[in-house]
Structure formats: structure tokens, C-alpha cells
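Quick one: the structure is below, and I'll ask about it shortly.
Read from first to last, the chains carry the letters A, B, C and D; within each, the first residue is number 1.
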Amino acid sequence: MAKEKIAVVAGVGQGLGASLCRELCSCGYHVAAVARKPAILDRLRDEADAENHRLTPVICDLLDQRSIEQAHASIKALSGDISVYIHNASLFCMDEYLKTSADIYENVWRTTCLSAVHFTQLILPDMMSHKQGSLLFTGATAAVRGGAEFAAFASAKFALRGLSQSLARELGPQGIHVAHIVLDGIIDCDWTRERFGVKKEKALYPEEIAKIYRFLIEQHPSAWTQEIDLRPSIEKF
Amino acid sequence: MAKEKIAVVAGVGQGLGASLCRELCSCGYHVAAVARKPAILDRLRDEADAENHRLTPVICDLLDQRSIEQAHASIKALSGDISVYIHNASLFCMDEYLKTSADIYENVWRTTCLSAVHFTQLILPDMMSHKQGSLLFTGATAAVRGGAEFAAFASAKFALRGLSQSLARELGPQGIHVAHIVLDGIIDCDWTRERFGVKKEKALYPEEIAKIYRFLIEQHPSAWTQEIDLRPSIEKF
Amino acid sequence: MAKEKIAVVAGVGQGLGASLCRELCSCGYHVAAVARKPAILDRLRDEADAENHRLTPVICDLLDQRSIEQAHASIKALSGDISVYIHNASLFCMDEYLKTSADIYENVWRTTCLSAVHFTQLILPDMMSHKQGSLLFTGATAAVRGGAEFAAFASAKFALRGLSQSLARELGPQGIHVAHIVLDGIIDCDWTRERFGVKKEKALYPEEIAKIYRFLIEQHPSAWTQEIDLRPSIEKF
Amino acid sequence: MAKEKIAVVAGVGQGLGASLCRELCSCGYHVAAVARKPAILDRLRDEADAENHRLTPVICDLLDQRSIEQAHASIKALSGDISVYIHNASLFCMDEYLKTSADIYENVWRTTCLSAVHFTQLILPDMMSHKQGSLLFTGATAAVRGGAEFAAFASAKFALRGLSQSLARELGPQGIHVAHIVLDGIIDCDWTRERFGVKKEKALYPEEIAKIYRFLIEQHPSAWTQEIDLRPSIEKF
């Protein structure tokens, strides 16, 4: 019997994370859905069960290295190889620089970037021994342009982009595909509708973004993407 | 009866151009394959005929505005709407700057960039009236980095990238998707094997690139890509 | 007697070009001021004469290769070596894409980019034999970002940037310093005050820009700049 | 009596930091030279004393927020206003990703980026009340390109670049000039000669780099630079 292929989605909220879980379930992955709170994960597992998909909720505080180690151990205990890791975690922050405390600045970086280091360093040894795997990093406009009042968020997203480029250059020749997706716009979900008041027709649809992540995972090694941007057709940029 | 959807591929050689024609034929487009010489076009038409696909050869000298106008007129005469335009034409040039005559410099730009202006200005009025269509531009490493001995080629590819960005920002809100694909590596075909001596396992496979163009064409307007890079997994970059 | 050092400023209007001429005159260069119309050049020569500076007006149509060859010949006839070439010529264009004729598109490129090729190919052989010289290219926001309604201008400025990068990589190791200056804002002069209605306090001052060009020319080869941006402190970017 | 102008140089080693102190002393600043170890600072103070310049050594562990607060308090106690802050601190790291522990990864970021947050948040309130000041950040190639085996260093330098862009956009309109200097090459000093074996003629001279920092500080607000690159003329890039 063929081993299952496991996809880890780190940072699952109601928006893109949930859509990534659904998309990867629907194409046969056993999805390890990583989040701090169980509510959304339980809902996703029920959905997956109803469709005979495989999804395992993994509760984890990405700010805490020990918690990541425990999460990884529980995923390792599943039968199957981790062949996809999607880093979709971040802590949004938009405020005047002097109103952003150094603690917040640090937490934004820890959630957005350092947790990716902790997780990928645990996952990569197996991927490298198989000479195969995909690491996908969710970026943002703030990863390529540091706007006013985005000091903490842009700095953390820049950091993640630098990490992804470095890993792409180091690991690509070893068979690991590393890609960075620049989301330039607001993702449509309840939270963003309330927070930013963006109408659906002006937003990125999470299920459409998720198709693109899947497409990147399925790219043939002769034509791998390191970076791609995505935005609604009517977005100013 | 539904109108046919026409895809124009401008710049069809034996490498990527041919693969783009095959990919678009296979997903139902009537492909207008534009090239200066009939040989490759006739072969592609025979292939298409054998599979009950629709491909129309269009002989055109992309250096000549009149020739482009005639080509466009012959495509307009087909029954169907042009919904895709792929600009895959370029004139490669790598030489010391002082050995590159101003005439060559100009021809590289005319083939690579100006012909895209001539062609898209003919095609766009219909696309804009339908508020729908895709313009894809084949870029290269030289479009984002001007290397030594690439003055003519890099300048022309930069020019094409600037054009594509400007069109994306102007036309996106009007329903036209404009994307620029950065090919970072050598495309596997007879010509590049001879010219650069690159082995297949180190090259970009044209049929894999073509899948990505198709994917871009099929993106939902809530998540459009303006720029994507592609390279072999083992390419240094 | 030491030979004079000659600086060519191609594209001299009342704004930045005039300030570049004054700045280079004031630090001892014999300036060859190149423009299509004599009016501004005569004024600059009178100013230079009054200060015992050396400035030679050179009438030239930068759209015309022959005219550039004649201009170069007249500069070669001066006693001295050309050690600086500043390409400050461009043809501004902002309009809807379909309202920009292909002829205008081409003229924007010929003025902005191709004239730089014609001129530098004439000047470089001497610079290269001396293993010394500076080529400075005036860029713009449009050289790094193609905005809506800027198809022609952005494409031409991108082209010039690609040229400058390629020349920097090819010629730097041979002692020729190539720099590209990204002017992100409106230059204060009569024309821009009328055309864009920008107040002085929101504009780039040409005499301050000119100091930066001079600074780039004077950089020690151990620390050369290839690209620098400049904008008013209050400019949004 | 006019108040002294104080320039803080954070991260003073024997290379660029020392040259920055000398350059700023020589143009009249009272320099607060910040480093972890006293040796180099004492030498610089003796030099400054011998030339009737003003330089105050400030011992500080940039990994420690309390230490930065103490350093800032001691600088505030000097008579004068801080008008320049140069962030020249970084912790270099080049190693395979899986050999770089998460602790090292974090320390590289804390030294390179977070210490800049701690320091600038203390300094900015005074600068903002004067509507004047310069913040200069020392970047590197790794700030714009994440190379193989540079995951920690590139990620930290990307983070610093994102910070600098965001601050530039937020603070520029308030009179604070924020610039990021991309050093593309090895700085000539004893350490780099030993570590990388680079010959002087292939290295960046720290005293030449320092002149450029000074030039940036002295730019008129009508023409401020946000980013500039510097490399030896013969550097491949």
C-alpha cells in the first residue's frame, strides 16, 4: 500500500488557510491543519470526514518553539510522508511606528517568520532524504514594499521573503521546491469584511488562491516558480 | 452555435511557441500561429488536423507593421473572437556592446517589444469591448537583470516588461488580464541544444511552460498574476 | 598643459539639463551642452562666459543618428577628452494606450533610449582606451514601475535602465562607471509648473539633483553606485 | 552658543563603523560611538582627541534592550541634539540552513534588525519634535537577494530593508530622512582580509563608503535618496 502524502498547513484561519486545507484534501493529501484554536479545525475536520477526505487538526502556538516541536511530533506519528509545507501564519499589524511597541514588533516577526524557521527545520531532514517536497510561503504586498505604518508587518514579511529566496537557492538543486506567493489585496472572509470593509468583488477569493498553491505544488521540476503575485483584477497597484 | 475562441501566438518557433500552440489547441482554442517562415507552422497544422484541433498558420514579418496589420486582418476574418494574445517573439543577441551595431540594437527592440505594440493595439479594441481577454508576454532573466554583453537584449526585454506592467495597470480594471512570464533558463529545443549545449535535465521544458501559460489564462479575475518566474529546479539564480 | 576634461550633457532643457551644465562647469569641466534648440544653449553659454567657465553649445536632433554623429564630431574637435556623458534626453508621454500611436511609442523610445546607444557607442572607444569615464543615465519612477497610461514612457525608461545595467556590468571592470538615477517626482522648472501645477516645495530642485550627479562622477572606484533614487521629502511613494 | 549636533553610530568595529565615526567627527558632529567592546572605541576616542574632535564611546550590548536604553540615556545626557542615527550593526552568518540553529537565526535578526527598532524608537521622539534628522541603515547584497546558505543573514537584512522603507514613507513627510545603503561587496579591513581573503583592490574602502553616508546626510530635502547601492568597480554582480 502506498504511503499517504501529508500536507502541513500552518496558520489556518477561516480565510485562506481553510481553503488551502480543502483544496489539498480534495486532491488526495492527508492535511495536517495547524492552528492555535480548535474551533475552525474541528469544522474543517467535520467537512473532510463528510467527504471521505483526511484532515487532522493540530493545535499549536506558533509563537512557542516547544509547541511547534510537539505539533511536528504528532504529524510525524501519522502514517505518511510530509511532502508539502505551507506557511500561512502571520500576525497583522498596522500602526504608527512609535505606537508599535518593540514587543509587538517582535511578536509579528516570531509569528510571521521565525515559526517558519522552527517548522521547516523539523520537516526538511525527511524531505531532503527523499529529495522531494514543496515549501510554500504566503507573502503580501508588504513583503516587497514597506508602506507607512507597516514597519512591523513589512519587516516581518520582508524577512520571510528573504528566507524563502535563500531556501529556494539552497534547496532547489536538492529537489525541494520553495515558492513565495505575493498576495496583493485583501482576502475575502468574515474577518476582512469587518476589519477593512472590502466588498467581495474587490477581494481575493481564498478558494482561487488555493488553486494556485496547488498548481505550484504540481509544477514539473523543469519549470518551477520561485515567486508569483496575485491580485484582484480591479486592484490598484 | 457558440463562437470559437481564438488564441494568437506571435513568434512560433520549434521551442516554446510550438508547445503553446499545442497546449491551447488541446484545450479548445482555435490557434492563430504567427511566424515568419511556413515550415514549422505547416507541421503544427498537420499535427492539429490529425487531432481534430484548429490551427491556422499566419505568415508574418513582425519587423514590419504592414505585415502585422495583414496578419491581424487574416485572423479577424476567422469566425471567432480573439480572447488570448501571447507575445512570444524576440530576437536574441549576446555580444560586446561595441560589437552590437545600432541597427541590430534597434531590430532586437522592434522584434521583441515594438511588434507587441503593433499587434496588441490591433487586438485590444475588440477585447475591450468584450471586457475580456488575456495578454501574455514572454520575458526572460534579461527582463529583470541587465547582464554584461546583453545590452540590446536586456534593454528590449526590459522595455517589454515595462509595457506589460503599464498595460496590466491600465487594462486590468477593464477586464483584460496582462501577465509577464520571466523564463530564467534555457528552453529545451534543437536550437538551444546546439547554441548553448545545455542538457535536457538542465533546461526548461517547453510543454511544461505552456501549461503555466494556460493556467494563467484560466485564472479567475479575483486572483490574477501579473508576474511569475520559471526556472529548472537545478538552475543557479 | 593638462588636457581639458569634457562633459557631454545630452538633452539640455531649462530644468535638470541646465543645472547639470552649471554644476559641471563650476567644477572645471568643459561642458558640451547638447540640445535641439539653440535658445537655452545660448543662454547657458552666456552665463558660462560671464563666470569664465567653458560651455560649448551643440545643436543636435537626438532622433537622428547622423545628427548625433555630427554632434560627436564637433565635440571630438574640442581640445580635451570626454570623461563624462550624461544622458538626460527623454520624450514624455502620458496617455491611454490606444490613443498613443505606434509612431509616438517609437519616438519616445528613440529619444529616451536609442539616442543613448548612438551617442555612447561613439564616445566609449576613447573612454575604454583610457580605462576611465562616467556614463550617467537619467531615469524616472517609470523606469521601475509601469503605471497606467505610461505604456510608451515606462517602456522606454525601462529600456534605458536595462541598457544602463548591462553597460555597468560589462564596462565597470574596464574602469567605466555607469549609473542610473531614478528621479521619483517632478523637477521644478517653468514647464513642469505649467504642465503639472506642482508647487516648488513639492518638487525636485534641479540644482540639488545636479549635485548628486557630480557626486556620482566623483565616487572612488572602490565604492561605485549603479542605482540611486531621489525624491522630495514629502513625496508619496 | 549653538547646541552640538550628535551623531550616533551603532555597531562600531574596525571597518566601516570606525570610518563613519572619523568622517562624522571631521565634519563637526559629536559622535556617540556604540559598540560592545571598549578596545576599538578607546582607540577612536584617542584619535578624535588628538584632532580636537568630539567622540564619546558608548558600551552597549545591542542584543539587550535594557543595555540600549542605558546607552541612549547616556547619549541624551550629552549636551546636544541627536540629529543622525546610523545603524551599522549586524551579525554575519553563512551556513547550511539545517546547520544554522534557530537560536543563531534569532540572534542574527536581533542584532541586525531588532536593535535598530529599539534604538530608533528611543531617538525618534526628539527628531520628530524638531522635524529633522537622518536615519541610515547599512544594508548588504543579502538585503535584496537571498543567496544559498544565507537564510539567517538574508532574512535579517531583508527585515531591516523593510523597516527602512516603511520608516522612509512614514517619516519622510515629517522631515526625517531614512536611507538604506546596499553594500555589495566585502569591506576592506583586517577581519574581512582574514575571513574572506579579499585583496584590497577588490574591496569596498570603508572611508569611501563613509563619504557617501555623509553625502546622504547632507542631501537637501528636495532630493532625498531612499536607497543606493555601492560596490567596487570590478565586482561581479
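The definition used in the following text is that contacts are C-beta pairs under 8 Å (C-beta built on N, C-alpha and C of every residue); 3 or more make two chains touch, one makes a residue touch a chain.
What you see is a predicted model, and the numbers here were worked out from it, not measured in a lab.
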{"item": "Maximum centroid distance from chain C, chain identifier (CA atoms)", "value": "A"}
{"item": "Separation of chain A from chain D, taking each centre as the mean of its C-alpha atoms, in whole Å", "value": "33"}
{"item": "Chain centre separation (chain A, chain C; CA means) in Å", "value": "46"}
{"item": "Overlap residues in chain C, where contacts from two or more other chains coincide", "value": "169"}
{"item": "Chain contact topology (line, ring, star, complete or other)", "value": "ring"}
{"item": "For the chain B and chain A complex, residues of the former touching the latter", "value": "169, 172-173, 175, 177, 188, 203-205, 208-209, 212, 215, 219-237"}
{"item": "Interfacial residue positions of chain B with respect to chain C in the complex", "value": "65, 96-98, 102, 105-106, 109, 113-114, 117-118, 121, 124-125, 128, 142-143, 145-151, 154-171"}
